[in-house]
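Okay, so chain A shows up in both of these, paired with chain B first and chain C after.
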Partner chain A sequence: MRSWTFFLSALGVGLVFFLAALGLGNDYVFFAGYVVLQYIVLATAWNILGGYCGYVNFGTAAFFALGAYSSVALHKLGANVNRYASGFLADILHLILPLSLPSLVIVGGIVSGIVGLGMGYLTLRLRGVFFAIATLAMAVVLQTLMINWDFVGGSRGAYVIRPNSISAGPVTLSYIEYLFLVMLVLAVVALTVARLIERSRLGIGFSTIRDDEMAAEAAGVPTLRLKLIATMISGAFMGMAGAPLPYYLGYIEPSSAFGLPYAVNSIAMPMIGGTTSWVGPLIGAILLGSLQQIATVTISSAVNLLIVGVLLVAFVIIAPAGIVGLVESWRRTRARAAS
Partner chain B sequence: MSQAPLLEVKGVGKRFGGFVALEDIDLDVKEGERLGLIGPNGSGKSTLVNCVCGTLHNETGSVRFAGQALDGLPAHRRTHVGLARSFQLPRPFMSMRVVDNLRVPLLYTVRRRSLLISSQKELDDRCMELLRQVGLDAKAKRMPSDLTQVEMRKLELARAMAAEPKLLIADEAMAGLSHSEIEDIIALLLRLNAQGVTIIMIEHIMRAVMSFSQRLAVLVSGRKIADGAPADVVNNPEVVSAYLGQ
Partner chain C sequence: MSIDLLMNAIVAGLLLGGFYAAVTVGISISFGMLDVVNIAHPAFIILGSYIAYIVNTHFGIDPILIAVLALPAFYLLGAAVYQLYYWAFERRGQEALRGLAFFFGLLFITEVGLILVFGVDYRYVEAVYIGPTWRLGFLDFPLRMLVPCVVAVLLVVGLQLYLTHTFIGRAIMAVAQDQLALRLLAVDPIRIKRIAFGISIATASLAGALLIIIQPIEPSVGREYIGRVFAICVLGGMGSLPGTLIAAMLLGIVESFTATFYGPSWAPAVAFGFLLLTLAVRPAGILGR
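== the complex of A and B ==
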């Protein structure tokens, strides 16, 4: 299937879900669905570096929060242009701000992508465990930075008042429906990009890095450049996933935006789904994400991470290649039995 | 008129901590030549290959290839300019099928130089042709983990060949191979050489080295102790004592 066909059919499937949820007439579906979609983006983004290249990133929350905070900063600047700028600069800012949600998503992606590139440049000479530790350290550094940056609320946090609804032409959507829709499109874009990478020369290069960097270099693969591309794309999507967060929550503060669950989930979801293909993070995110949402309303929100932990341990022991790996090995044995 | 050598190694030295792995190595290889590089285990043969190919960086001396200084160039750039090597311990890409392993150098090295293999079909054909040459065509769709150690060596050699090098360094490509398989590989390397590929063969199997090489260089404890016609070199008393002990 060509990428455009894939993109459009995935978008079609997503829209069917969206319309079905609209038909239900229950806002909760959108609140829960938004989180699942957000995890599809995060898991897919993590997998581009972690699954395809084999570099485990513990700093997902940092890229994610960076996207969220760039939205907060632009939102605040947009609301108080005259306080922070004057003259010509103010005129320009008035012209640009406030940015629409899709533009904020793009800005969040650019900011996190650049930080990803920078982090990659500093840390990609490290391998394995050392790289993982470096990403964790980066998350802590960025969190400290946000705690001390008063403009975006510091440790107090910042409120973002979202509009009630948004209309385009004859269509009027409540804001949560709009957020869901934006995240849906983003998830489809992320999956399309991941799938495109997987089937391209770039994806083959990424797998060689995961398998054996020395042999990859000997075959002519510019490993450092490829790893930088991977951290950049991965970071950018994480930032894009975070950009709408302030509008979703209405309030944001460092310890929740940089929360451990984002990092843990975006590792666990691809691991459980399977890291070698774009399908894995999708399955993992839908499965774990929905399970967490169900647990939140039926048991308690504290059970979430417990579920993730138990499932992760179970999968690492029973099916290290994830659900996709299980299905593949089952198909292989069936094919062998048939022949 | 003397032609400038294709590979020019001058005064190369490399230490690992206090251990001197290579000391002041000079080695010239002319275009189209077949050089055998021998030496006891731990004599620095693979370290020299690693310094030439950019896997390791030599601390002293310089390496020139086809008139270009290679010092400081990362390994993949050296592969692009026409150096290819097989690893002594095979390092296949484990998550890819055997045939896809060969796709990597084709996509990342050969396609940079020419647009000849642009279609998927040409790419597949080229991979299969290379596998046929080393006798692995029946295993094309298998995973490397299904291969025997010997087959992995062949894959290793095929992957180096896939990069279409000017200089191919075969680092113990024949260890563990049977008599007839050695003949096959030698015939293959001779064919490549006839097509203009310069070849450095690192090998312990003397019969193979002697029948293949036009020139022999001997490393012992990180120094080059002999370099010349194979027959002369193996009768060199210093070489004999290094190999047999005194």
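== the complex of A and C ==
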């Protein structure tokens, strides 16, 4: 299937879901669905670096929160332009702010992508382990930075007041439906990009890094450049997933935006689904994401995190290739039995 | 800037650094010598803190004594974790991606498990040396910091003597360099690594007790130490215990200066700057091989 066909059909499937949810007329579907979609983006983004290149990023929460905080900063700036700027600058700011949600998503992506590039440049020249550790530490540092940055609320957090509804022409959507729709499109874009990478020269380069970096380097693959590209794309999507978060929650503070659950989920979902193709993170995110939504409502939010942790450890030990791998080996044995 | 403020910041940094050495020494063994990237180490330390907390509140025993008594249990835990890690990842050559995810999962499970049992309240222990301060001229030596520092230095020195003067210790140093050569000497490298990893987790018991003496803890405190321990380990030269001690003292002083002159809320960022700088400028560390 060509990428455009894939993109349009995935978008079609998503829209069917959206219309079905509209038909149900229950806002909770959108609140829960938004989270699942957000995890599809995060898991797919993580997998571009983790699954394709084999480099572990523990700092998903940092990239994600960076996107969220860039939205908060722009929101604050837009609300009080005159306090922070004057003259010509203020005129320009008045002209662009407040930004629409899709543009905030793009800004969040750019910010996180640049940070990913910088991080990668400093640490990716060394062994992969150092990159993993550095991402882990980066989450702590960025959190410290946000705690000390009063403009975006510091440790007290910041409130973001979202409009009740949004209308374009004859269509009026409630804001949560709009957020859901934005995230849906983003998820489809992320999946399309992941699939495109997988089938391009870039993806082949990525897998040579994963399989044997020394050999790839010796064969003339520009490994550092490829790793930097992967880190940047991956970080950018994480930032994009985070950008609408302040509008979704209405309130944001550092310890929840930088929460470990984001990092664990974005690793667990591809690992459980399978890391070698774009289907794995999708399956993992839908399964784990829905499971957590159900467990949060029925049991407790701490227990559902425990479930994720236990599933992650169980899968990496017992089924290293994830659900996709299980299905493949099952099909292989069946084919062998049939022949 | 007054001279006594400066001197006190240095003293506080050295005391803090000594404690950091105890926290890091386990990582120096597991990551530096065995190449096992145990990012769950801080979680084991927090586990040690909670054990010290439980026994201390129920029986009033000294936290350090509790930690010493718990050493064998932590050693066995470590040996078991390594055996599982070897069997599931190292044997298949999958330690890079899945091994890391495994330890990350362990870290997360421990943290969430502790939250489920104890909640997120801060816990602390009682001991005679928490509170009083020795004064030497204008220098302050709070016993709450001095005792952990002394214990930590004893721990590092003891481990260094063990590693350089016993057969098993030397075998542990050797396994980091050449497994095959070790096998030719009829020593099973896996057994040596299991022992070494057990020792590295055992140090977490002691480090945990020291941690809860220094500050009240809650389950997620451990995460702040991930950046610190790896920064110290790398800066110290990966698996050199004297290097670890020096690097820990250095980080302690820098953090203490940051806290004194810029405010304590910036301290966690220092370790990261340290780590990035080390990785970018001198990845081999101070006493690197």
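A few comments on the model shown:
One rule holds for everything that comes next: the second predicted complex is superposed on the first by the 336 of 339 C-alpha atoms of A that agree within 3 Å, B and C clash if a C-alpha of one lies under 4 Å from a C-alpha of the other, contacts with A are read in each partner's own complex, and residues count from 1 in each chain.
Everything that follows uses one rule, which is that a residue touches a chain if its C-beta (ideal position, glycine included) is under 8 Å from a C-beta of that chain, and two chains touch if they have at least 3 such contacts.
From a predicted model like this one, the values you see are computed outputs, not experimental measurements.
Under the clash rule set out above, the superposition-derived model of chain A with chain B and chain C shows the two partners fitting side by side.
Contacts of A:Thr276 after superposition on the shared chain: chain B is touched, whereas chain C is not. Using the contact criterion defined above for the overlaid structures, shared-chain residue A:Met214 touches chain B, although it does not reach chain C.
The three-chain arrangement built by superposing both structures on chain A places chain B and chain C 70° apart around the Cα centre of chain A, to the nearest 10.
Looking at the superposition, the partner that touches the larger set of chain A residues, chain B or chain C, turns out to be C. In the superposed model, A:Ile204 makes contact with chain B only, not with chain C. Minimum C-alpha separation, chain B to chain C, in the superposed model: 8 Å. In the superposition on chain A, none of the residues of chain A is touched both by chain B in one structure and by chain C in the other.
Those residues of chain C that touch chain A in the complex are listed here as 37, 39, 84, 88-89, 92, 94, 96-98, 100-102, 104-106, 108-109, 111-113, 115-116, 220, 223-224, 226-227, 230-231, 234, 263, 265-266, 268-269, 271-273, 275-276, 279-280, 283. Residues of chain B that touch chain A in their complex: 53-55, 74-77, 79-80, 84-85, 87, 91-96, 100, 103-105, 107-109, 112, 159-160, 162-163. Those residues of chain A that touch chain B in the shared complex are 201, 204-205, 207-208, 210-212, 214-224, 276.
Chain A contributes residues 50, 54, 56, 58, 122-123, 126, 128-130, 132-134, 136-138, 140-141, 143-145, 147-148, 155, 260, 263-264, 267-268, 271, 275, 302-303, 305-306, 308-310, 312-313, 316-317, 320 to its touches with chain C in the complex.
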